[in-house]
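In this document, chain identifiers A, B, C and D correspond to the written order of the chains, with residue numbering beginning at 1 in each.
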Amino acid sequence: MLESTKSIPAKDFVLSVEGLTVSFDGFKAVNDLSLYVEEQEIRVIIGPNGAGKTTVLDLICGRTKATEGSIKFKGKELTKLNEHQIVHAGVGRKFQNPSIYEDLTVFENLELSYPRGRNVWGALFFRRDAEVVAKVEEIADMIFLGDKLDMSADLLSHGQKQWLEIGMLLIQDPELLMLDEPVAGMSVSERKQTAELLQRITKDRSVLVIEHDMQFVADIADRVTVLHQGKVLSEGSMDRVQSDPKVIEVYLGH
Amino acid sequence: MKLLNLETTALVRRGFLKHLLAVPAALALATTSLPTMADSANTTGLAVTKDTVKVGILHSVTGTMAISETGSVQAEKLAIEQINAMGGVLGRKIEYIQEDGASDWPTFAEKSKKLLVNDKVAAVFGCWTSASRKAALPVFEQYNGMLYYPTFYEGLEQSPNVIYTGQEATQQILEGLDWASREKGAKKFYLLGSDYIWPRTSNKIARKHIENKLGAKVVGEEYYPLGHTQFNSVINKIKLKKPDVVFISVVGGSNVAFYKQLKAAGIDMGKEKPLFLTISVTEDEILGIGGENIEGIYASMKYFQSLPNENNTAFVKAFKERWGDDIVIGDVTQAAYLGPWLWKAAVEKAGSFDIDKVRAASPGIELTTAPEGYVRVHENHHLWSKTRVGHAQPDGQYKVVYESSELIEPDPFPEGYQ
Amino acid sequence: MFAEYTAAELTSIFAMQGFAGLILFSVFVLMALGLAIIFGQMGVINMAHGEFMILGAYTTYLISNLFADYLPGIYSSYFFIAMIVAFFVTGALGAFVEWAMIRHLYHRPLDTLLATWGLSLIMQQFYRTVFGAREVGVTLPDWLMGSIAVTDMVEIPINGLFVMGLTIVITVGVALMMQRSHLGKQTRAVVQNRPMAAAVGINTEKVDRLTFALGCGIAGVAGSAFTMIGSTGPTSGQLYIVDTFLVVVFGGAASLLGTVASAFTISQAQSTMEFFLSGSMAKVLTLLVVVGILMLRPQGLFTLKVRR
Amino acid sequence: MNKVAAFIGKNQYSHMIILALLLLVVLPLSLDIFRLNLVGKYLTYAFVALGLVLCWGYGGILSLGQGVFFGLGGYCMAMFLKLEASSPENTAIQSTPGIPDFMDWNQLTALPWFWEPFHSFTFTVFAVILVPAIFAFIIAVAMFKRRVGGVYFAIITQAVAAIMTILIIGQQGYTGGVNGITDLRTLHGWDIRTDDAKYILYYVNALLLFLCLFVAAFVIKSKLGRLLVAMREREDRVRFSGYDVSAFKIFIFCLAAAISAIGGAMFTLQVGFMSPSFVGIVPSIEMVIFCALGGRLSILGAVYGTLLVNYAKTSFSETFPELWLFAMGALFIGVVMAFPNGLAGIYQRYMEPWLLKLSKKDESPSAPAVGASEKAPESSDEPMTSEERKHA
């Protein structure tokens, strides 16, 4: 815990990860990692395959339990919370492969994500009122799916599914949004739209993105963190990171 | 108390027997004149026509109990066919309706109801496990049917609508325990059974008898779930406790496992150290266990296929002719065979198929032609019968080594054993 | 409770009891191994496992009759031949079942469970129709039926030794096959990444079929061996299912080692408790403990912690 | 009327009326009391099948131990009836009058404490539902909080059924053992064995079944129903949308248990006894096939499936007892492989489009209601289509 002594008090950041370690049967996928995200910041995590990027997101959202270290979100310790409690605290997570309810329509997908009636009895007696409909329509417009509300979600294109999943997060209005490769498999025009979308939605929140597409990263990132073998290799603006000799070595070494 | 009772009643019975011997002759006279009174034979809407009468056979043909119940079905069919060949009952041929209880107790209740209500049968031969009988019993009582139940069982029951052709627990057990104590000098007993009502009740009776009447000791009592297949632990316990007699009421597939493992554990059952006395292994079960695996144990029951008497020789011959040479006949099979004959005798005595009249006529009915010898129906609807001890031979048969000198009175609610 | 016995008696009884536990352990391993292979490698729960075992037992019964009728001279060795035949008969049926049924259901594990339950009903009724509702008695060669007297009290059943030996042979054989042989490597490749394995030219269908056939074949051998200690009847297979499934699930399914360890734990627990309690309560307690532990460690005893 | 329709879904509504006509009018008029009583018995299994539709079809939780809950409900009712049948007058010949006969045989001299409250009918009615529900709750909390699911859950419930059976059989002094609790006669002095009583019980049973069907339909139609479907496909997504997945699974499992238990209690009343043979593995799995045949996603299908399988079983085993297991086995395999959605699936695929075509001629299209969502799929068929597509 050397890191914590020199770290800045947690409350200045939306998210402060300190000394985070997780090991799978001795293999440390994430090793003593520290990371701080400010309010309304778009932070992009890059790194070669197996660097532990997705694992970091898993740890933050509670999908994987940390072996050591702390994750503070707005001063609240996340490592002790369940997934849904973390969501309630204001963290949203998008998966690498679009994870939507393909059996349901776009409308229902968004409606299910609407943050009301989240416990058993609430869900049982949830009613679809004007407020819900209005909110769903608003979000749908935002994610370019305003005219596809009735469509069964499995008929959407790959890119549209990615948007839908982002929309499902937006409707919950999280303060920290975590996106795992949001533009993977998208066409060039879709990428552009997604970048715009991200710029627009970060007005009120912080975003943590994993991405491989360097052009896209350059378009959106405020700051970039490079992970390598579970550790932070380099951190800073895109330009700074790109010129860091350690980063160049790791990337070219591959 | 019990023993004393038996001695005294036995004395009385000898005199009584002489009187009874006169009855069959009178009966024979009566029956010949009965067919002419055809209409009065059925006044309650049973399925009786001028020349047929319907009865039901209700056993499990499918499911786990099919293994055990097959023999009973065969015996009942054989008896019915023989009766028909002799001219039927009151001049009417018996037609049977067979239903499958499917090893499922409510199915027994359901099928009983079908037989009684829809088919209006004059009697039902069936049920095997206590559970199936308990399930069907309220139906028989409600719709006033007559059930002939073949299995040796725990007693504690006496229904006006059931004739119990097997032995109740005290009949089967006490004689065997007395024999072990008297002939083999047994002082220490180990009780082992499957975990359900019949073994538990039987062992309860056995324990009282051993402790109170024989002045001997019970050194262990052990139950395993039905279908249990691993007995090495209990075999070790038996080795440790060194009883003189292991008294066994293990049933079903567990039987096979138990005796095979017993033999494999180096216990030679022929040495009688300890002596193994079972009340649950008939010749039927030995077929599955293998004669060589059980050779040397003793069984206490009322019938063995090897019983040396003319009735039995004829019965075994007829059974094999009907159902194949390699078939074996166990205690329950023989008891099932008695059912139709007892019913026929009662109907003929009553001169009617009416359930109430048949019931009234039943006590005192006797069969001199029973394969097990002579039996008689008691007031309490169970049979007076002898109990034998058989010694298992490698060919899967029992050799009868002891036979009670007198008929034993059935006592389903034994005083002092509860 | 032991006050009345001498130290020597107690020692030998504990030795015997330990041995009884080992036999139980072998029986558990033997019956669970086939299921563990199928479940671990393919994620399929085969509810007809018990019936496959009984098929092996019936095969043994038939072979013993054949030998008694035609080759009485070498009767004493029929058991080995019977086991080999049982392996191939059940294996062949397994391959057929995989082809006709299982392969259509790979993505629906719960449905496989139901379909194989249906299969078990059909097999039971088939046995009943062919062999009769009664149990059949399988005659064993004499050399299998005795025991070795170590001391006065301690006697070791030969068939117990035989089952133990067989268990070791089969377990080691399977382990070697999985680690070393071509099929084993292919199987593991398929388990880890099916599309990738297919892409590099592994015939995944064939691997599946062989794996299933192997699992069933081992069940057949187990059934054949169990004619020594248990009953052979149409519904005898049902006696084994709960124990078998619990051993596999408790072991964690993923590894052979897990199955062995779980069989060891359960058998020792049961055999110890059987000695101190009544048989029924011992059984209930064993099951309760296993279920309880499974609630605490749902993935079984041996699992790898991996990123999901 | 329209309110009811909205409550459970329009399509469901008309189908429910058809079923109601069948169960409440057609069958009672066309069958004698013996057959009707049989139907009544089968319908008690339909409660279990209905519970399975909820927890297996929608929740994706396959339980192979539903018989445990059916049995618990049945035993609660049987305990009450047995106490009434064991009045001191009726049991005067026992060494301890006033306790059930099997207790007397097992040397119990006083009623065990947990039997005492079953003197009260009110308590019994609550116990019928609450005892199994609480038991289910304990299992569910332990399992779902630890994310045990799928095959593991199935096997563990199977073990629970095995434990329960051994316990009931082993503790015969308290439970009646393998024979069960038999010879139940009256309910508050009312003889439940007469034909009149059987008619009344049949109707009570059928109405309770409809009550449960309504509850089930309401649950499915609610957001909770959609969440269950969503969970089955994408459990993680639901979790990361802020839902406590385990709570929903616990709820649906307990609901299924409670519904099964009502069936068990009605079984005891109509058949007149309860025995451990309904608690075990085999009956539990058989009840799964009732549900699978009817269609695991169709609550009405569960009822039809149960009736059909049992009708087939009764008539088959009357004529060809040997063939019954073959037929049953084939049914399992056939339904799973060829018709994973059972009868309801077949109906929706082939019959419904045809019926719709017929009815469209005289029905004006209804105006769409709230926003775009009225086209929300009839929850009973939609989820499976993608499943079908995946396996086609």
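Here is the rule we use: contacts are C-beta pairs under 8 Å (C-beta built on N, C-alpha and C of every residue); 3 or more make two chains touch, one makes a residue touch a chain.
Just so it is clear, the model here is predicted, and its values are computed rather than measured.
> Using only Cα atoms to place each chain's centre, name the chain farthest from chain C.
Taking each chain's C-alpha mean as its centre, the farthest from chain C is A.
> With contacts defined as at the top, give the pair, B-C or A-D, that has more of them.
Between B-C and A-D, the larger count of C-beta pairs in contact belongs to B-C.
> Quick one: most central chain, C-alpha centroids?
D
> Whole-Å distance, chain C centre to chain D centre, using C-alpha means?
34
> Please tell me the distance, in whole Å, between the geometric centres of chain A and chain D computed from their C-alpha atoms.
So the centre of chain A lies 43 Å away from the centre of chain D.
> With chain centres taken as the means of their Cα atoms, state the distance from chain B to chain D in Å.
39
> Give the residues of chain C touching no fewer than two other chains, as numbers and ranges.
125, 128, 238, 280, 283
> Could you check chain D for residues that touch two or more other chains and list them?
166, 169-170, 322, 324-325
> Counting only residues that touch at least two other chains, what does the list for chain B look like?
61-62, 195, 223, 225
> Where on chain D does chain B make contact in their complex?
Where chain D meets chain B, its residues are 34, 37-38, 41, 93, 95, 101-102, 104-107, 166, 169-170, 172, 177-180, 182-183, 185, 193, 271-273, 275, 277, 314, 317-318, 321-322, 324-325.
> Would you tell me which residues of chain B are touching chain C in their complex?
Residues of chain B touching chain C: 61-64, 66-67, 70, 195, 222-225, 227-230, 232-237, 239-240, 253-257, 260-261, 263-266, 284, 286-293, 396.
> Contact residues on chain C for chain B in the complex?
Contacts found on chain C: 5, 9, 13, 16-17, 19-20, 23-24, 27, 125, 128, 132-140, 145-149, 153, 155-160, 228-236, 238-240, 270-271, 274-275, 278-280, 282-283.
> Please give the residue numbers of chain C that touch chain D in the complex, ascending.
Residue list for chain C touching chain D: 39, 43, 45, 101, 104-105, 107-111, 113-115, 117-126, 128-129, 238, 241-242, 245-246, 249, 280-281, 283-284, 287-288, 290-291, 294-296, 298-299.
> Could you list, by residue number, the parts of chain D that touch chain A in their complex?
Against chain A, the touching part of chain D is residues 219, 222-224, 226-227, 229-230, 233-234, 236-245, 247-248, 251, 370-373, 375-377, 382-383, 385-386.
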